[in-house]
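Before anything else, here's the structure in question.
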Amino acid sequence: MPNELKEKHLDQSIDLTAEEWVHFEKKSLNEECGLFGVWGHPAAARLTYFGLHALQHRGQEGAGILVNDNGMMKRHRGLGLVTEVFRDEKDIEKLTGSATIGHVRYATAGGSDLNNIQPFHFDFHDGALGLAHNGNLTNATTLRCELEKSGAIFSSNSDTEILMHLIRRSHHPEFMGRVKEALNTVQGGFAYLIMTKDSIIAALDPNGFRPLSIGKMSNGAIVVASETCAFDVVGAIWIQDVQPGEIIEINDKGIHVERFTEKTNTTICSMEYIYFARPDSNIAGVNVHTARKRSGRILAQEARIDADIVIGVPNSSLSAASGYAEESGLPYEMGLIKNQYVARTFIQPTQELREQGVRMKLSAVRGVVEGKRVIMVDDSIVRGTTSRRIVRLLKDAGATEVHVAIASPAIKYPCFYGIDIQDRDELIAASHTNEEICEIIGADSLNFLSQDGLVEAIGHDKLCLAYFDGNYPTPLYDYEEEYLDSLRKNVVKL
Amino acid sequence: MPNELKEKHLDQSIDLTAEEWVHFEKKSLNEECGLFGVWGHPAAARLTYFGLHALQHRGQEGAGILVNDNGMMKRHRGLGLVTEVFRDEKDIEKLTGSATIGHVRYATAGGSDLNNIQPFHFDFHDGALGLAHNGNLTNATTLRCELEKSGAIFSSNSDTEILMHLIRRSHHPEFMGRVKEALNTVQGGFAYLIMTKDSIIAALDPNGFRPLSIGKMSNGAIVVASETCAFDVVGAIWIQDVQPGEIIEINDKGIHVERFTEKTNTTICSMEYIYFARPDSNIAGVNVHTARKRSGRILAQEARIDADIVIGVPNSSLSAASGYAEESGLPYEMGLIKNQYVARTFIQPTQELREQGVRMKLSAVRGVVEGKRVIMVDDSIVRGTTSRRIVRLLKDAGATEVHVAIASPAIKYPCFYGIDIQDRDELIAASHTNEEICEIIGADSLNFLSQDGLVEAIGHDKLCLAYFDGNYPTPLYDYEEEYLDSLRKNVVKL
Amino acid sequence: MPNELKEKHLDQSIDLTAEEWVHFEKKSLNEECGLFGVWGHPAAARLTYFGLHALQHRGQEGAGILVNDNGMMKRHRGLGLVTEVFRDEKDIEKLTGSATIGHVRYATAGGSDLNNIQPFHFDFHDGALGLAHNGNLTNATTLRCELEKSGAIFSSNSDTEILMHLIRRSHHPEFMGRVKEALNTVQGGFAYLIMTKDSIIAALDPNGFRPLSIGKMSNGAIVVASETCAFDVVGAIWIQDVQPGEIIEINDKGIHVERFTEKTNTTICSMEYIYFARPDSNIAGVNVHTARKRSGRILAQEARIDADIVIGVPNSSLSAASGYAEESGLPYEMGLIKNQYVARTFIQPTQELREQGVRMKLSAVRGVVEGKRVIMVDDSIVRGTTSRRIVRLLKDAGATEVHVAIASPAIKYPCFYGIDIQDRDELIAASHTNEEICEIIGADSLNFLSQDGLVEAIGHDKLCLAYFDGNYPTPLYDYEEEYLDSLRKNVVKL
Amino acid sequence: MPNELKEKHLDQSIDLTAEEWVHFEKKSLNEECGLFGVWGHPAAARLTYFGLHALQHRGQEGAGILVNDNGMMKRHRGLGLVTEVFRDEKDIEKLTGSATIGHVRYATAGGSDLNNIQPFHFDFHDGALGLAHNGNLTNATTLRCELEKSGAIFSSNSDTEILMHLIRRSHHPEFMGRVKEALNTVQGGFAYLIMTKDSIIAALDPNGFRPLSIGKMSNGAIVVASETCAFDVVGAIWIQDVQPGEIIEINDKGIHVERFTEKTNTTICSMEYIYFARPDSNIAGVNVHTARKRSGRILAQEARIDADIVIGVPNSSLSAASGYAEESGLPYEMGLIKNQYVARTFIQPTQELREQGVRMKLSAVRGVVEGKRVIMVDDSIVRGTTSRRIVRLLKDAGATEVHVAIASPAIKYPCFYGIDIQDRDELIAASHTNEEICEIIGADSLNFLSQDGLVEAIGHDKLCLAYFDGNYPTPLYDYEEEYLDSLRKNVVKL
């Protein structure tokens, strides 16, 4: 790596304000949204509160619950965490009714707007409808523009509304027919929950990028959730996953499964296994913690680093680190501590204070790492900023060597199906070699898990691996041009 | 154990409301307060904000910072977490000045009152003084009563004020002399920070129950903190611990160490190592994570249980669990997950929902424990309620056996030096045999670490172990009667 | 009046809860909304904050400002008073830009929803638009239903959105043409402000029910406001009123006046003069305080009551009362005092406390009214509840006689053009004779101003007087049926 | 007046920031605190809430209620208005008990501190006590210093605490004896309410500077209040005033009146009549509105100005203005309007905007004053700033002449008994002639009511008139030096 390039990177981050640090961290890798729905339970809103709290890691910008009380829909939503939006017992109590759809929304960069908080609630003269969405449409811009040209007015910036406009403009005589038409018009990654006055409808895109599962409670109530960890918290038992291309109607008659398309090709987002999902969730039958621990084991076999101790970056990399430690026979130590209390760093007047500010979130344990050769296991590298900072923390605390071992392949391509990495310029591995990255982050060595190793760890290959190899499983529609542009900009490094 | 007794315990907890669950959890074992002070740094308040945040685990009821701005003292304090009390940049900015004392206060049962939030700030016609305290006095009731009889008015319910009344009533001609007189009058466990217009004074009781350390920043500023983890976050280096019986004056001339008594006997609270302190702190030179991991190793040697996997109760028992796993050769797995988002459970209308409510905080990982014989490592048992609940979570998730291994001896005696366990009735081990406890919590086996094992794990014996063996290192003064009463009530079981 | 009827009324009100009292008071007579806009001032948002505050009496449910910053629109809105919505300097500061439209919204009964707070802000692929509205459409239900049938989705319950759907669906090639088409489709009372990227458009219904005026600042900036009192507060000078049927485009070229219809018939809402508008506003060139004072004078000539003192009900009736006092030669006294601090009465456990609760807002001055024959001047009677309460307050304070003199005719018919009196059942004068009302409110005499007297006091007859005589100046469209129903229910009393 | 002096004044005010405007307005003339207590009513706290709300004009910084629930005292207090401190029904509900003392505190300049909010609540080992205070001690500094020298610690900056220290240090065998000793030690203006476990004690200084009255409810409950207006709001009847030098014990045996001194000399603060008290209160049997109206009548006789209309400055001068109008035969008009909604002016970037900002509070009614010679009646002039501003508002709105008529004599001397005018530098009349003031405020003429006229209007001469003539009815103790200094500074003008 040319020195000027390295310097530029270092300069940039030294010039970072505290806000930029926070922004970087927030932007690193984030999942867009979590869904939870209940049919047939007298305490539906309360269960949804529990369920959304279990899915809180999928989105912290806002939360909402829409409840169906014998045909009358009521909603409570707001900006912030589930516990911030639902502050009082009465916020739950007023949501009487036995069916709900709920949503947690991911914090997008820039200003957040209450208008975008889901579920959406539409009051029509012929009855109310509710809608919640997890994912990203690849033809949203085109569809929205066409709809506006024919008089449609959108009330939010969210792609989610598009589906409702398509449904309302369909001329199919049956409601389910109108929904199917709409589902065949939108493209990309999507899991939808729709609430009608006598049912909840769940639908998943033909690739099944996002997880969506159905569970049952002991009283017969049906629950739907983005992750199975939300079933445990309400005492529900998993019964089936929503399959790609399925549209499932849940009502008093039970669970009615249909397909809106036969052209399906399962490619589950591999990032759900690597980073997003909670370790206690199962996706397509595979436990996430177990997959991560296996990825650590395989990484240890592939990397074969000589060192004294293994540590994980809390919290998402602890599973992989313990797998690495067990396979390598090295002790698994707590070399980094995450402060369990959320910090605000404010604006720091000097760089020295800024650096101290960021230590509020993560501390190196001097008593553990001092004088040791450390293998630091992390789940992924996006920009490299965080890794560089942690390596420095460890060396400041006396580690003699820091070997970075990443339990996934290098991320080189953006995602267009619902993960917030759409700009290749932000991906350090898109334009740098392993050696360059290793130098930038200040590590003594850097190893990534191989793509084969990842597939082996997860245990099946029905995966979207486009972040690593650029093989997108669908056409990119509105993003095609953006993608090609980004390739051109980094043409030399590929 | 007689069946009626067991039933009584089970009935009690089944009748627990959600609020009682929360109360129990909060009350289980809590440390009272953390201290942080700075001398000689232009951003003293900001550093103190960082430092208190690192000490947040020592108290969540309230926080405050008192700053000395060239002799003028200003204070900001409030109820809640550090980040709730200091919400805006201006809350910090207005605290200009180069010296501070700061405090985080532990959440006592019952109503909290802003009046009790420290540091205290006294405005006298002859100059202002500040005071902050960690610990518990054993002769507070007697002293307060005597002082009131001679006209003193207390403005809070806190013991802390007593020291200031003693100082102000002393007739010693020197301020330091007055402070020493006062320190020799109070009894029990105490670490004090006093702010005068030209110094910070730190003092520790003759037994050194509570930790208190001094560090130095690169610009020469001196910091004082209850735990060394707060040094790392502000970039300070540890230089010395405050020793039992010492009174240390920090001012522009440097650090001046004196003693207020020669009658010292170091007995550091062993609970700091077992449960309270952050793993990245060093107490008396011993790293807390390392001591805990060793306690897990020794426990594995002592217990020798046949099982498939080892899991820790997050977060405080993870070190011990990994030590246990390494020593036993069993895999260390993530069998329990703590939701990183704080939950509020509200009032739940039914027992079923209450149970689901408590699952919001801790989930068993079905994919990990199903069909497995599990060793569940925890740091301590107080009432047994929490253990019983976690054992049930694990069995509900499919664990075939749950062996509870506690990385400390059984707690049978109350603490009077600053930990909130003053009622023997609350201590399950005070009135039950191991077999009875094992049955109550529903475990397949129950093992405690031996007292010798604990001392070996920590690596020195200058410890207060009264919780385990009742050998209090000082007279109990106002608590003597209370203690004897409690012994009488449980006389058979001892 | 039959005694049983009277008793029923008394019983009803005695059974009123404190909340019902509050509700009644709030519902009595309320104006729906105030508008304020600026074109061409660098501090446009700040001026709008001042202007909306001056119009706060026209609506307290919510407020908002939409600003145009060189084509980029930004909005801040919220529930509550202007000062509650704009709490911090930064709420104003962030609204950079030289053009604004602002809105205060009236508190409707039932739940309030942030979605309904104006101005509305629409983001289209071909540019943003803003919209704010004061008034009530009489064909809203019909239009909304038709629009939804052709696929339109509404994002609020407000009638205001309808205009935007009509504009967007118009096929006229010019934007102004599309707006004119839309204005000719909606019926009823409306004053609109529309913001485009290069202009503000103001429009008034063909009857001019609501006031809307244009002013100029010393730097050439143009302001638009519902009432002229808002001009004074920003230092603007009135230059013209928006006339019925006019659509006025304000941009960098100046003020361009057009008409969207020639079929106009000016009938200004007489309630603006009687009750709603601020005394320092001029409507159609007539000062509101002066009109009210004249109404008091004419009322004194018509009523000719023998008494000792004249008092007004604060604050809206003080002008009329002083006119009455001067004409009658009786002293004008402060017999009633309104507490200038807003009170909340909470839920009162007993009727005795409820009565005391309501006294928090209005007190009789015993030292003034004791032993006196009092003429109590009020602006209007809606339900009679408030009058009955005030008469009782005065008698409790020792007034020997209370003569109620109302400075407007009796209200017998609902309003469909933007005032919240749509139910004749709520209008005591719709179903009771003067004598019955007098008995119900417990007064010694009751006089209303004659309709001719009102016209004389205001000084012109381009007024809507339908509340008094039922002569609605337009067809009622969607309300026709509702109106006829209400007539039938009270058929005997008319 | 020399031009340079005038210019200086004008410059000063032109340089005023918006915050200074606000500060000036707030500081102009303010009463320090209001008291309300109840003995023997099951809803005591609720009544106190009503009573404090009626006394809100006496203090807006904070409010509190201390309740005695069978010997257990509970308190709720906070910063802000009564309705801000008591936000929820539960804030009242939790204050069960049949006796209360309550307090509203005046907003002092500078930072406000919750510690100073009353009632104070003291927990002693021998029982709790409560204390609330209205007034100002003249020997507080001396007493506090002496007490501190003997070891006393104060918990607030308030003078109020002093009394409790004196009580606790008294060696009198009886509690009432200790209180009497303490009352004879403090000097100045004071009205106290003390709560013991079985009584409420009310006491008034030997001059009776502050009003304090006792009332009775229909159920026999006793209420105490700073002003009689608070009786009306709770349905109580006035029965007696607390007389100077009295100490009154209220308990289950009834009302027991004693004296703590025989050396009394009644000199009620004349400002209570002129400005502070609510018009519906009676002080020493004189209705405040009536006294003000009479002062307006006498002012009209004394001033004899030729003009077209009379207007009052809302709200405190409306009574005097209507008296002036009636006596002069000129019409009483609404020439100024106070916006009933509280405004916040924020920081205004330019002087032009600052001026507009201040108009948010008070508007001139152009339609009324344009082309008219106006007599503007106000109650008093402190700094002249407000008067200058209002004169300008009226002239900007077209008044051809503005004659300022002040319904009290010129204020030349500070108050040391509880009103916030302690600095002669702030009193424009202390250093300027009438002609100079007239020029500074830009009026066409300026008249003050004569001192004899004031006494005639109030109807008795048991008044403190020191603000006007410097004849203080008591020694000034700690303020003696300050007062003499202030005289020296303005020596020429006296």
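By letter and in written order, the chains are A, B, C and D; residue numbering begins at 1 in each of them.
To be clear about the criterion, a contact is a pair of C-beta atoms (placed from the backbone, for glycine too) under 8 Å apart; a residue touches a chain by one contact, two chains touch by 3 or more.
Keep in mind that what you see is a predicted model, and the values were worked out from it rather than measured.
The chains in contact with chain A as well as with chain C do not exist; no chain meets both.
Placing every chain at the mean of its C-alpha atoms, the farthest one from chain B is found to be C. Averaged C-alpha coordinates give centres for chain C and chain D that are 36 Å from one another. Inter-chain centre distance (chain A to chain D, centres taken as mean C-alpha positions): 61 Å. Not a single residue position of chain C touches two or more of the other chains. Across the assembly, chains come into contact as A-B, A-C, B-D, C-D.
Of all residues in chain C, those touching chain A in their complex are 114-115, 122-126, 144-145, 148, 150-157, 161, 164-165, 168-169.
Those residues of chain A whose C-beta lies close enough to touch chain B in the complex are 43, 46-47, 50, 53-54, 56-57, 81-83, 87, 89, 92, 229, 232-235, 278-280, 282, 287-290, 293, 315, 318-319, 322, 326, 331-334, 337, 339-344, 346-350, 352-353, 355-357, 359-360, 363-368, 397.
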